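Several structures are given next for inspection.
The following pair of complexes shares a single chain, chain A, combined with chain B in the former and chain C in the latter.
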Partner chain A sequence: MRERLVIALSAVLLCLVPLVVPNYTLTLIVEALIFGLFAMSLDLMVGYTRLHSFGHAAAYGMGAYSTALILLHFNLPLPIGIILGVAISVVIAIPIAWICTKSTGVSFAMLTLAFAQLGYAMIFRFKDISGGSDGIGGIPRPAGPFGIDFFQSKSGYFYLVVFCLVGSYLLCRAIVTSPFGAVLTGIRENEAKTRALGYNTRAYKMAVVVMAYGFGSLAGALYTPFAGFVAPELFFWLVSGRVLIMVIVGGAGTLIGPILGGICFMLLEQQLSEVTELWPLIFGSIFIAFVMLAPDGIWGLLTKRFRSKQVVPGDGEDGETSRATP
Partner chain B sequence: MNFAGFIVAQTLNAFSQAAILFFIACGLTLIFGIMRIINFAHGGLFMVGAYVGYSTVAYTGSFWLSLLIAPITVAAIGGIFEKVFLSKLYVRQDAGAYLMLTFGLAIILAQAVHLIWGPQPRSVAIPDLLRGVVVILNQPFPIYRLFLIAIGAAAAIALWQFLERTRAGLLIRAVSQNAEMVHALGTDVALVRTGIFMLGCAIAALGGVLSAPLVTAFLGMGSTVIIDAFVIVIIGGMGSFLGSIVGSLLVAFVQVFGAYYFQDMALAIIYLLMLLVLIVRPGGLLGKEQ
Partner chain C sequence: MPLLECRGLTRSFGGLVAVDNVNMAIEAGEIRAVIGPNGAGKSTLFNIITGVLPVSDGQTVFAGEMITGLPVYRVVQKGIARTFQLTHLFPDLTAHENVRIAAQAQHADRWRPLAGGHVLAASRKVADEALEQMRLSRFSGVKAGMLSHGDQRLLEIGMAIAQKPRLLMLDEPTQGLSIEETDRAVQILRDMLAKGDLTVILVEHDMEVVFKLADKITVLHRGRVIADGLPDEVKANDEVQSAYLGGLE
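After this line comes the complex of A and B, so read on.
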């Protein structure tokens, strides 16, 4: 209940943001929120099913590129463009999920990486469509259906992103708390046992991979019309590495943690890179500090503080969050 | 251009490419075999090796000395990192933690190189002894690439013999099979781990020094080469030393001949190869089935 209150409160606070912050800061915040969504989508795989994907950039890149091509070549309203972009990505994700779930562990990670890098290579292969290394520029932000055009402005787009982020969060939450989500947790804890209980774990894993790619491609699709351009780097493995770090720094298996991780990561990066040339050094050190000192991530730190004040020791709830890290 | 000469030249090219790839892939696979760590910093260590090699040549004028100093420096960095950070995590058995730690180190190394050597690429001259070309079947071929093939083959054989014939090699293989049992039999497993990590770093640095005269030392060299190395390790089988040799050769040949015959698909082709191998044999060609 308290958690729900906190979420509702933060959503309301988020909605007030465009009224108080300057224009430039708003750009940063929108990008940070998009990355929060991206990190959360990966958490479905990493945190809940223990499928360490090392190619989640594929989801982002597919969403970004398909939306870019749709908006560029068809005169469609923006939301329709984004929805179609996600739909295309989900369709492409199905065979990827089918192949990747054939294996587990490290080779699963490497298969996902292979697909992301394959996407990267394909951008260069089909230069005529994708623009090759130049990427695609000048992507429009067309007005919506029925003449709705409020998301053409930056603050309007901010609300669109907040809407998608909160909506996706509620959807993902519903997924992980459903019986379906319980099976996923079963796979995370012990796949062989879950299979022995009669669940077709491969099908569940495929489903969660497709879902994660779907939400991830939504993040990419939201990025495209906002930035106005796409580049092949969206597929590059460093993006996958970064988002995986965001999930772990935020606190895997909590959904809200990766969102926070993604937002903090992006905002810190943008701020620090302006202030000092040393920011990568600081970043690297932050990761290392988190691994060594706070393995449960940001959300783990927050809730631990919260718990030690609020919860009576020995309460049955204890230890639930600490198991979240894969 | 005669066909036989072309094939021979390309084959030699592929072998020299395989030598460079082997230097980075074998350290990666050895470290994985012993520690179950995917070392993301390995590309960074390779790059640091190249830069330290550059500085050694710049100050002493001796390429041969750089082949000694760079691996020692990088092994020291790796050893300190392993002792101070990685070794604290072995009890936790958490793949995500290793990932973050080595990713963090990779970022720090990249920035450190940027700060110390600056953003511009640094070229290293080929030593006098290895400059020039030899003519093979009417095709000129650089002597330096032949040298790479020789040193790559020598390193592969030496490491293989080290792993198969010496007591240290026996311990390394034993730890990769069952670390607890080796520990129970009275061997300092922590020491073996530190040793293998340092060895892997040293070999990567050697590869970095050797590749610097070919491609110059540049800031992105770590992040491009590490992905090739991952592909090799996956194809060959995680933790398999012979697999890293086979994988290096396979990837190098596919890259060299693929770039010629399928120019459009040059980038994609090694990932397609990796997908194919993983689908047919999820554990890699010479790896254990997972």
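After this line comes the complex of A and C, so read on.
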């Protein structure tokens, strides 16, 4: 109940943002929200299934490029372009997920990285379509369907991004609290046992990877028409590394935490990189500090006080000492 | 027709034949104990029946259906649930969540990412019952890893019965338990067996437990079946005496 109130309140506050902030700041905020969505998508794998991906940029890049190409070459409304971009990315993610889930642990991480680098290389290989190192510019935001065009203005686009972020969050939350989500938790805690209980864990891992790529590609697809251009850097391993750090700093396995992590870091980066060359150093230090001092991340810190008050009646430490005697 | 039939099951690790041409038929409703000294191949036999390890040779027929070579999750879906000799749990989840995930595995809609409220509700109910049966209800909200060793063993059995199996395979359920804990576990197991028409294969090193619970006993020695029959017959068997029982009693 309380959580719902907080979410509803933040949504309302978010909606007021374009009315009060200057134009330039709004650009930063939109990009930060998109990155928040991107970080949340990775959390499905990292936080809920303990599948560490070092190549989540592949999802972002695929979404961005496919949407860019669709909007550029077909005369389709923006929302349709985004939906098709995500759909194409999801289809490509299926074989990627199939191959990556053949392995676990470090090799899984390396395979995801390899696919992102493959995307990066393909951009250069197919210059005619992808624009090579120059990227693609001049991506439009066509109006429609039904004459809808609010997203053509910057503040309108902000609302589109908020809508996608909140919608994706609600969907992801439904997923992680579903029976499917319970199986993911089982895989995270003990995959061998989960298999021995009768679950085809490989299929579940494939499904969650495809979902994570799907939501990640939505972030990429939203970025493209906003920025108006795409560049091969979207596939670069630094993007993958940064988003992984945002998930961990934000609080893996909480959805909200990575969203906050993504938003905070984008905003901080944009501010600090203007005033100091030391930004990467600061970024690194913050990461190390969180891993060592607050492994539950930003969201863990924010909710700690609330959580420590929650005591399960009749359970807990008491149950340890006074054993049940039948 | 027996519920489970092992035909010439064999499994070797390099040069070591851990399970050697084992033939065994378990009737529905039977409580079968598999005994034998350490390293006799009991756990390996469990692993090859359930598909945790592939067989080197032989076949397993369950309810008239060949299950040899199926991956473990398919075997389990046919109605076999097992516990491991070394406790296999989700230590960071609560006792209730552990059993709920186990119960959910038997639901047709167990995979649902959306609109799965009915699955969760049904699994919760089964989990409550299984915890009750294991007399662990009061630890429902406690993390499995925080439970005592004895309660963890019982919790794993609770997970297995929450799967509503036709065949329950328990690998040394009383291993590492104190005398009081063993008595309590045996009492709980007895109540559980008295209640249902469960078919059980029980690996157990504690002869008292075996004679209290089992209808029939199979004795393994160096991977081979050296005796097979009613408890009294097995007790009187000379080969068993020298290979195993003699050493213990």
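Convention: the second predicted complex is superposed on the first by the 304 of 326 C-alpha atoms of A that agree within 3 Å, B and C clash if a C-alpha of one lies under 4 Å from a C-alpha of the other, contacts with A are read in each partner's own complex, and residues count from 1 in each chain.
We take it that a residue touches a chain if its C-beta (ideal position, glycine included) is under 8 Å from a C-beta of that chain, and two chains touch if they have at least 3 such contacts.
Source: prediction; values computed, not measured.
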{"item": "Dominant toucher of chain A (residue count), chain B or chain C", "value": "B"}
{"item": "Chain B versus chain C as contact partner of A:G241, first or second or both or neither", "value": "first"}
{"item": "Chain B versus chain C as contact partner of A:K304, first or second or both or neither", "value": "neither"}
{"item": "Touching partner for A:V291 - first (chain B), second (chain C), both, neither", "value": "first"}
{"item": "Touching partner for A:V249 - first (chain B), second (chain C), both, neither", "value": "first"}
{"item": "Those residues of chain A which chain B touches in one complex and chain C touches in the other", "value": "326"}
{"item": "Chain A - residues contacting chain C, complex", "value": "174-175, 178-183, 185-186, 189-190, 192-201, 204, 207, 211, 312, 314-316, 319-320, 323-324, 326"}
{"item": "Residues of chain A defined as touching chain B within the complex", "value": "46, 52, 99, 102-107, 109-111, 113-115, 117-118, 120-122, 124-125, 237-238, 241, 244-245, 248-249, 252, 277-278, 280-281, 283-288, 290-292, 295, 325-326"}
{"item": "Chain A-facing residues of chain C, complex", "value": "50, 52, 71-74, 76-77, 81-82, 84, 88-93, 97, 100-102, 104-107, 109-114, 116, 119-120, 123, 135-136, 138-142, 146, 148, 159, 163, 184, 187-188"}
{"item": "Residues of chain B defined as touching chain A within the complex", "value": "38, 40, 85, 88-89, 92, 94-97, 99-101, 103-108, 110-112, 114-115, 223, 227, 230-231, 234, 238, 264-265, 267-268, 271-272, 274-275, 278-279, 282-284, 290"}
